[in-house]
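Each structure below is given as structure tokens.
Heads up, the next two complexes both have chain A, just with different partners, chain B and then chain C.
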Partner chain A sequence: MNVSVKRIQAIFVKDYKEFYRNYAISTMVLMPLALAFIYSMTGNMDLQSLFMPINLTFAMITAFIQSCLIAEEKEHNTLRSLLLSPASIADVLIGKSALVFVITVIVLGMCMWILEFSPANLAAMGVALVLSTLFYLAMGLIVGLYTKTVMEASVGILPVMIVFSFGPLVLLFADRYPVLEVFQWLPSAQLILLEQYSVTGATSDIIVSLVVLAVWAVVAVSVSAILFKKRMSDE
Partner chain B sequence: MSVTIKMENVKKSFSRFEALRNVDLEIQSGEILGLLGPSGAGKSTIIKILTGQLDPSSGTVMIFGESSEQVKQSKTRKRFGVLTDNSGLYKRLTIEENLKMYCDLYDLPVSAMDEALEFVNLVSSKKKKVSELSRGMMQRVTLARAILHKPELLFLDEPTSALDPVNTHHIHEGLRKLNAKGTTILLTTHDMYEAEALCHRVAFLHEGEIRESGSPKELKDAYRNDVIEVELTCGESHELPVNQVATMDKMREWAAAQRIRRIHSNEPTLGDLFMRVTGGELS
Partner chain C sequence: MTLTLTAVTEQNRVWIPEYTFTEGVTGLLVDMKRAASVMRQFEKSAYVHQVQDGHYPHLTVQETIAYYTKLAEVEWSVPELLKTFDLITEARTKVKKLSETKRNILTLIKPYCSRHDWVVIEEPFHRIELEGRHVVDQILKGIERQGKSLVLLSSNLEDLLPVTDKIYRMDERGIHKLEFKDETATQNEEPAQFKVNKIQVKHQDKTLLFNPPEVDYIESIDGTVYINVAGVAYTSPLTLTELEVRLQPYGFYRCHRSYIVNLQKVRELVSWTKNSYSIKLDVEKTTLVPLSRAKLSPLKELLGIS
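Right after this comes the complex of A and B.
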């Protein structure tokens, strides 16, 4: 794989300049922070409430911003020009994901600080958050590749936001409708379960949660990479 | 002289539509070749195949003696530049920021950007945001980006389609200078004057096939009318065959009587030739 740090850095810097000049997208980072602030004012929170701003960060920032950045590149034919330069597909994919990754890490950190949330198992939660970030980055990339404009991408990302952010809430009805238990396998639900297992010290369950998250991340990243290569051809 | 581009029996189909049929094309290094054809003739498809954006359905494509698969490699991409018909510029960034990123991608010093901007006459505007530029200026920035790394081979898809005559002249001068330094150029155009002014050879592309190719002079000679048109002061117009004694006698007679207003050689333009060869129109 042909990867150049200088080329990745060039794409990252370009994306950063474009991002902070695009208020429609850059102001999105305030949403999870505002939600975290409101939740923190309510006092005693259960894990469902605690993870809502965190899961929303993944949907509204990681997936949404990534999909918009990719769709905008497609809309203005800049992605094609980028791929005609010496930048490899790996350079472009890593460079374009790096900015959103950094923003996600900062916003997640700020959300956890506002919520005064300190994970019971910091290492396991750290790995889980990184795997989740990779998964949502890939989801954003897939939506961005399937849409032609930023407008289409912002609509196309809605199912991802609804299913993955609000999926864990469905589990509240699982007692009445057992079929809904399938939602516990969502990455967003696994984050909550991981924290529960960490509190009780169930190591094997923690590992299962991390494996589930890793499978989601690997599958999504692989699909997005294949799709990216395919979509960049005019066939 | 070595061969920079070689296409042999290249076909390209999209579902049932045949965009290219048995295209054979060879471009020598240091040559400027113009692909002339109307919209939909297959000009952009050829450029996309040569730049690795599309794979041919069949046939052989070689660039710099390497297969079309190699074109997708970074080291080969550094050897050519592309100007496409759609700008591909980041509109929220300035001209300078756009080109700076490409300097980094090509691992070039910033001085390369200034040279390229000088080439397209945009040094004084480099701090302007791309969103504030006219279409012609965007075209010039795209050209600056294509030549930033001094490529050995330049693909230009309608390079002056959005430019006014002054800037077109400026760009033509620059392209001649680049070519004099050894850059091979493949340009597509439906502007026959541009093709005639710039190209060493032209190829007529029609419905996915190259119908004719050669230097503008060779083609004009091959399809010339051996007839001159003489317009007299009385308003009469006569078409006379060249190289015939009777024609010379007539001319002498009219000249002695000072009756000749104008003589037209009736040399066909590239546009005329294209229509004769293909039965179609250029625009």
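Right after this comes the complex of A and C.
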């Protein structure tokens, strides 16, 4: 599979223009920022609520925009000709993912700035956020593969949002129902734990968290790659 | 360099025949269902442009053109392409705001920038108004000038005729080249004699005139002659014998004491027993016309069957 920087750039620019001119999608960016702003107004936050806007960004921005970019191609009947064009599948996916990655970094940065949140261990948190982004990019790709329009994609993203963004909230009930402990292995919960460990300086726990996140990312990326190949040969 | 179509059979009948296309611009007159199957085959070795292929609605025209040239990694100038596509005044218009003709013309940027040696275009003139047709023509010529070979699929002969004279028709009878006589040759033929030969019929006190090829068959019932045209029987003032003489040059045949049949419409000779025969006609409703035993062998001779 040949990869060309020029083609990736063309796809990146095209998707960027399509993204910001389509207000139904681009205004989504404001949601986590607004949430971050409201949280910062209330002040005096625990880690749970501090990470809420961040985990929401991953589902509502990273995964959602990624799925929309794929579903949009189908909605406008441009995907088939794009795959027949000189651009390889790798070009298309890297171009789209790069755009979503940049948007994610900007929104996360702004969220953290609004929340006045500075991670205790910047390097570990940076790696963790990048791994999470990869994971949610793959989730968005999977949702995009199975939806045909932006409308469907916005419904399809709901399960991702409920499970991964709101999953950590379930841990509040873990005292009463020990079964719910499994939710701490979610990538979103691991982010919170990682920050906790960083504050206390437990290096081995930090590494465990990063490994868990890496496993999620690798599994999601490979599953999405397999599904993508399968869908493309079906159609 | 050729493009090969492999045969597709469905229920023991050849649905798509095998064929090898040679370089140049080829028109293929084909129905929609076959066209879809042909395009699916070609997708492996050619760039296939379909009618429903769309656009990115939020990009402007020049952004769209720039995008496809960058994808193809060619250094063509955008203003030059805008001129070819007749979209100079719309350069900064968003694609979703273009008129349908202009938008359909713009979709041809994709086959224009494709890097395949073969380009297949479905209905190149689909929903393009009259004033846009020469632009499409120009674009197709441009694609040809790049050294690519084109296969144009259409269900409308008028859309293919202006572009190429290598036109094939694909249907249940297979794939055949359409032959066009030179118009200059036909003009040199002997001066046409005015010889109008219409078949006169009565219908509700009105007199109608039919062209002989329209007639399916003629029958005589109780002394009245009925002329059958497309499933409707009209009475005729002429007798069967008079009609037989007039219609013989048009390929009609007296197959029975009270029947004359248009041989162009014969589908099948049916033999019921050794001494009883019928002629099955290729008309909308299955129609059987009796055939006398004595008339069988002259008919076979006429039709050239043994």
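Here is the rule we use: the second predicted complex is superposed on the first by the 232 of 235 C-alpha atoms of A that agree within 3 Å, B and C clash if a C-alpha of one lies under 4 Å from a C-alpha of the other, contacts with A are read in each partner's own complex, and residues count from 1 in each chain.
The definition used in the following text is that a residue touches a chain if its C-beta (ideal position, glycine included) is under 8 Å from a C-beta of that chain, and two chains touch if they have at least 3 such contacts.
The model shown is predicted, which means the values in this text are computed figures rather than measured ones.
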Given the superposition on chain A, are chain B and chain C in a clash or a fit? clash
Go through the superposed model and pick first if A:152 touches only chain B, second if only chain C, both, or neither. neither
Name the contact category of A:205: first (chain B only), second (chain C only), both, or neither. neither
What is the contact status of A:2 with respect to chain B (first) and chain C (second): first, second, both, or neither? first
Chain B versus chain C as contact partner of A:14, first or second or both or neither: both
Regarding the shared-chain residue A:87, is it in contact with chain B (first), chain C (second), both, or neither? both
Which one hits more chain A residues, chain B or chain C? B
Shared chain A surface residues [contacts with chain B and with chain C]: 4, 6-7, 9-11, 13-14, 17-18, 21-22, 76-78, 80-81, 84-87
Of all residues in chain C, which touch chain A in the complex? 43, 47-50, 52-59, 63, 67-68, 70-73, 94, 110, 113-115
With touch defined as at the start, can you tell me which chain A residues reach chain C in the complex? 4, 6-7, 9-11, 13-14, 17-18, 21-22, 76-78, 80-81, 84-87
So, in the complex, the side of chain B touching chain A is made of residues 14, 48, 51, 53-55, 73-75, 77-78, 82, 84, 86-93, 97, 101-102, 104-107, 145
Chain B partner, complex, touching residues on chain A are 2, 4, 6-7, 9-11, 13-14, 17-18, 21-22, 76-78, 80-88, 233-235
